[in-house]
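Shared between the two complexes below is chain A, which has chain B as its partner in the first and chain C in the second.
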Partner chain A sequence: MKKKADIRQFISTAVPYIGLVLLIIISIATGGKSFMAAKNLRNIMTQSSILMVVAVGTAFVMAHGDMDFANGGTMGLAMVVTLALCKGIPSWAVFPMCLAVGTFIGVAIGFLVTRLRVVAFIVGMCIMRLSSAILYTTTNKKTWLAPAGVVKLNKPWFYLMVCLGMVIAGIVFFEFTKIGQYNKLIGVNRNAASLSGINVNKYLVYSFAASGLCAGVAAFMTTVRTGGLSSSTGNYEVDTLIALTIGGMPLTGGSKASIRAAVIGALALTVLNNILVLWGVNADFVNVVKGMVFLTLVLISSRQNAGQVTG
Partner chain B sequence: MKKTIAIILCVILTFMAVGCAGGAPDAGTADSDTDTAVDEAESSAEEVAKDTSEDDAAEKVEENGGAGEVSTDPVKLGVIFYSKDDSLGQLVYSYLNYAAEVIDNLEIQWVFGSYDAASQVADAENLIAAGVDGIMCLTLDDLAMQQIANLCNENEVYFQVMFRMPSEEETKAILDTYEYYVGYAIEDTENTSYETVRIMADKGIQKIGVGGNTHSATSTLRMNGMEKGCTDFNIDILAQFDLGNDVSSVQSDVQNILDSYPDVEAIWLMSGSLGIADITVNTLKAHQDASGKTVGVVTFDTFEGMATAFEDDILWGAVGGQAPLCLQAFAALYNAVDGHPLSEEKVGLLFPFLVLTDSDDLDLFEQYYNNTEVQIYDEELIKSMLYRYNPDVSLELLKDLSDSYSMDWIKEEISSRN
Partner chain C sequence: MENSGKPRLIVEHMSKNFGIVKAVQDVSLELYAGEVRGLIGENGSGKSTLSAMICGSLKPDEGTMTFDGKAFRPKSIIDARNKGIAILLQERGTIDGMSVAENMFIGMEDDFKGRFGVNRDKMHKKAKEILHQIGADHIHPADLVNAYKFEDRKLVEVGRALYTDPEILIVDETTSALSLQGREYIYNIIRDFKKKNKSVVFIGHDLDEIMHVCDRATVLKDGKYVATISGEEMNPAKMRGLMIGRENLGHYYRTDFQPDYNEKEVVLRAEHLNYKSVIRDVSLELHKQEILGVCGLSDSGMHDLAKALFGAYKLDSGTVTIMNGQKAITSTTQAVREKIAYLPKDRDSESLFMHTSIKDNISVTCFDQKKIGPLINKRHMKRVAGQQAESLNIRCSSINQLAAELSGGNKQKVVVGKWMANQADILIMDCPTRGIDVGVKAAIYDLICQMKAAGKSIIMLSEEMAEVIGMADRLLVIKDGAVQGEFLRDKTLTEHMLVEKII
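Here is the complex of A and B:
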């Protein structure tokens, strides 16, 4: 009986990996040289890196069962504040500035959620609208360009290094520190976590801070990639949620939450977008294919996670 | 332990697949793409056109002393567009696909649905990886324009902006330095916006409400033209409401203006898409029924309920009809890819809108323009814009063609084919 459960557990854990590997195999088989070309692999790495970093941060919030819709808004606000101030600071200071602003917004969201008892989802929507309004207002007259020193970083190695660093840091904090462990425990059962002496509010704030910090890093990466600030900056809310879900992140958080969901999901989403363009699929079918793939993966993910929170 | 085994298994599978894929056919090119193109182009008339074009190409090679100036290589163009579901998207999709049908060596690859600069850059990267020779894009802003132009330049892929232009001198200066940036094609937005105010002025209107914003370069141009018109025609703007992405507030915004400013005579809308014009017309109709007073509307974009709105004398002007601009942009790009750019300088094309002011205009518009079955630019006209088929093509020819664009021209052009 235990063996059967172990096998089921193994299969459910492996499903996102299998999905990604299948996607890659299909892409290689059908995309051939175009897909495996060094330039295209660099594209996939670059395109997935920002989403991956945002998803790593969001995983901390989702671990305790909240929906984080503030990541895109936080990115936008971090970029606005940083670029507004960057004329007076050297290029190297743009990165820590983005981090600081992102983390600050994350902490502020954490306080709103824990102290004022506002639902995280609602706070996220408000941040999204606020950021959108500020971006429209600030960019409607003139495009804000990033300092030349920042734009020079627009090289594949930069995205790879930052992304690797953030994923490794994410794994360390998620799996080997109280921040990750306690947030997962809160996701399993908030009352039990509280009764066992965990300062729930403190660790919730930490999770939002982690998400804000990652959004700050992603804001910097976006600044490097786009060369400045535009009114459409930071449209990552939905993609992040999709990426984490297809990567195997339980929507209700809990013990099965992991950083691998961010990595697998971001890669899968990017590979799918990439191969659909390489295929030259009739545009009519692109959304059908995407929709079917996502639905299948989410169904698998939902089934494998069903009962996991209470179990 | 089990997790580790799973990871190792996946890695092994991936590497096995990579190893096996060495001899796989390149699906991004040749066969599959040709099949699609052939499927779409399998009519006898097209075969004739194909034969003719091949003969033309061969003749030109001969004329040029066999120097091979007219390439017979396939041309693959990527198009990045926000959607193909709205009126403009449907027509652009139809027109460019028709061009791909009638031009024997052309293949078009579409990418839809990107609404931010970073996503558009990613689309361009993917298209370049797919082996396109040129990219046409409705860029969302100057940043996307700069990044895609830079990317294309690095990869020696030609780049043409359509329905947009650099909104800042700085951007224009940067783009001008890129060899592979062909130019832009854009609607004559500011002047048309000015003319929409004239429609109201001709009716003796002096007090209006405005729905608009300055969220993008295009919306700013529309607002600028409107404000200039209001100044020149002595029209007062009583109140203004923001037209954002959320259209749910439009009804209450218009109603608030009607309630707060009983002397308002018309509403000017910077955009009527996404149901904005319909909602506004319905609100004004309800007001007309209740109070007996007519407040008219002039709007950018065309919409479903135009016929009734014209009949009720609520709609005084609607602006649309700019979709053939994509073919002018296409011609500039195709000629550049084909080795015969229209100009040594960067190409800037201005394309007029159609302004509908009554039911007669609307009938013609629905019959000829708002109909994906009708190709306003037919095969002959499209080919006349390409050096491959018409060595006398010039930038002036394209400009003349756009200058002559009007409802009457469309009617004449299509009638002459029958």
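Here is the complex of A and C:
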């Protein structure tokens, strides 16, 4: 029997899917051949896969209601450490190095937030600034190239496989371990979570670690894609936020948080970006459109914030 | 009744619907001068809707009111107040960031017009005068209202209601939020009204209180008028029967009058607990199958004690030890692992995940049960939640319904379900029946007895002495954060004996 609550749940889940499908239909109809061109589709896939990986990690932090502005900065720092500090690192070590640095930064953020009680998005802002300053000074006079073995990976299947693996792992950790589930409950009511026996601080640290780890993976993907360090590495903070919101992630976290939001949102935002460029829209105006979409979604989602935790 | 002469307020054939819900149906009543009238009924019986129509905050769909011979059709709460009928609400009605005096005269600033806007001196003087009248001299008109605790804020609201010198005062479940002392203030005001031959409508859940405060009581059930009773008839059993619609309810509290627990087996021991200045050197032992009652005023520190026993505080000194395995409890996580349950006084903000399903609320303690390798077992969690909802008889459309949509009693059942799902052995229940109607209250008492019989140990903290006396094997009285006295279950134990230690 379909109950009122179930129907409401169904509708709020379906909206992002419908949006994505509509967007794709519009893109095919108006973009035609240039949208469906193999090169363009490959581009969409590469771009969305990196965004998706970052967003999967960010979903863990947003589940408990914090804004994650550290993901782009973490990516940048992971790349600086791997390519510049560990100059001449062997190809095989680039990936584990990126992962380790990303996770380390995530854990550090977790401790700043839980032990020293600094607001998460302030920490994120600092890391973002820190990263862009370091990137600027390191890339100012010198170019840092990735080991050749890493650059060889720049093939569509690589992005697809990594992205797929991260999404599956994300779903498993989010839906079937306490890390995701507890963070959602903390997002609903932190007090009640703590008084129900949940070790709130521990699971907050886990969520930041997850975000850092995903940023590390994304840093590796970016290294493969760009073949080296550039001053504009990172810059994913706002895009992940918009992508997750498009995908249906509530800004306050809680029971409606999901990995699905990262997947749908990253795809939708990339397609939107792509079609706007194909239409010949000025790059600055693309940002205006993204801003408007974000504002509209925030307005909608702040009006309906209810649902379930364990799906 | 000694009520002579014409009624002051006549309510005739009042009805109010909210969509398909018939909140009040064809209710009539007459209120006499100098009368304190109780208005009782279970949650959803229509008593608050009825009082809201009388005080002007809701418009009736049908029916008329006559006040002192004239038709009475208030347009708003302020209009009703100006015409002589004022209401005291259950929820908090003061506004943070404003002073006590500003809160008292909100909407009536014109009375204090000075040359430049509001004349604060005049306002503060008047506020002081009113606060003095109700015996609340410790509240200062110029202070921000935030500086005061809940009880004192309530008194500020009382002052607001009394400023217009109303002829009829409606007290809507105000006292259930107050401690003994706060209640005493309200009772004084009611006595004063009676002395001046004015009338009071008193709405409440606590039937003993109704019996003491009111001259007569009108019972509502499912939005309909049931009866008005007075004198001998006004006893809790009769009232309860009328409210539920059954005369014979059987037992309510425990029916045995002997302390009955395993004296030799201590399950939880607290030694010399100190926390800030709220808990002072408290030691206690909980035995197997014991219901240990703890009572005191709301600011006695007993609510903090409950949290401290559950490991929610970083104590200044002292230890809480679980005797089975001799483990010290230092965090809530550990307390839950050791099968301790905590049911807070403030359910909504400390125990429930409101905009979340009943299923998720109950299964929050079950993430480690029947794991599939490293992964959680959602099917098992859903099954457990379903079982608890069924055995506790939670009234809901499905376990996917949101907890926020449930009534107070059913919310409490969800909280109980959450701990039963974890097979808790020790339950710390802080005000387990607060804001719960009589029918569900009886079910909760029943449940506590069942848990005791099943070998569980219970610490029951409450501000309602009657329920602690009615349920506990052993009883501790807390005052100023310290244990002031201990009583064993006994037929002769009365509230009076406890009050002496409490105040």
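Just so it is clear, the second predicted complex is superposed on the first by the 270 of 311 C-alpha atoms of A that agree within 3 Å, B and C clash if a C-alpha of one lies under 4 Å from a C-alpha of the other, contacts with A are read in each partner's own complex, and residues count from 1 in each chain.
Heads up, the rule we're going with is that a contact is a pair of C-beta atoms (placed from the backbone, for glycine too) under 8 Å apart; a residue touches a chain by one contact, two chains touch by 3 or more.
Since the structure is predicted, the reported quantities are computational estimates derived from the model, not experimental observations.
**Student:** Is the number of chain A residues in contact higher for chain B or for chain C?
**Tutor:** Tallying touched residues of chain A, the top partner is B.
**Student:** In the superposed arrangement, does A:V277 touch chain B (first), chain C (second), both or neither?
**Tutor:** The answer is first: A:V277 touches chain B but not chain C.
**Student:** In the overlaid three-chain picture, which partner chain does A:S34 touch, first (chain B) or second (chain C), both, or neither?
**Tutor:** In the superposed model, A:S34 contacts chain B only, not chain C.
**Student:** So, does A:I50 touch the first partner chain B, the second partner chain C, both, or neither?
**Tutor:** It touches chain B, and chain C stays clear.
**Student:** In the superposed arrangement, does A:L130 touch chain B (first), chain C (second), both or neither?
**Tutor:** A:L130 contacts neither chain B nor chain C.
**Student:** So, A:N189: does it touch chain B (first), chain C (second), both, or neither?
**Tutor:** Only chain C; A:N189 stays clear of chain B.
**Student:** Go through the superposed model and pick first if A:A100 touches only chain B, second if only chain C, both, or neither.
**Tutor:** Touch status of A:A100: no partner.
**Student:** Who does A:S231 touch here: chain B (first), chain C (second), both, or neither?
**Tutor:** first
**Student:** Report for A:K142: first if it touches chain B alone, second if chain C alone, otherwise both or neither.
**Tutor:** A:K142 contacts chain B only, not chain C.
**Student:** Considering only the contact definition stated at the top, list the common interface residues of chain A for chain B and chain C.
**Tutor:** The overlap between the chain B and chain C interfaces on chain A comprises residues 6, 9.
**Student:** Touching chain C in the complex: which residues of chain A?
**Tutor:** Per the stated touch rule, the residues are 3-6, 9, 172, 176-178, 181-182, 185, 188-189, 191-199, 254-255, 305-311.
**Student:** Of all residues in chain C, which touch chain A in the complex?
**Tutor:** 307, 310, 312, 331-333, 335-337, 342, 344, 349-357, 359-360, 363-365, 367, 374-376, 378, 381-382, 397-398, 400-402, 404, 418
**Student:** In the complex, go through chain A and note every residue touching chain B.
**Tutor:** The touching residues are 6, 9-10, 13-14, 17-18, 20-21, 24-25, 28-37, 39-40, 43, 46-47, 50, 136, 139-143, 145, 222, 225-235, 273-274, 277-280, 282-283, 286-287.
**Student:** In the complex of these two chains, what residues of chain B are touching chain A?
**Tutor:** Within the complex, chain B touches chain A at residues 2-3, 6-7, 9-10, 13-14, 17-18, 20-21, 24-29, 32-33, 36, 84, 93, 107, 109-113, 115-119, 121-123, 125-131, 140-144, 146-147, 167-168, 170-171, 213-216, 220.
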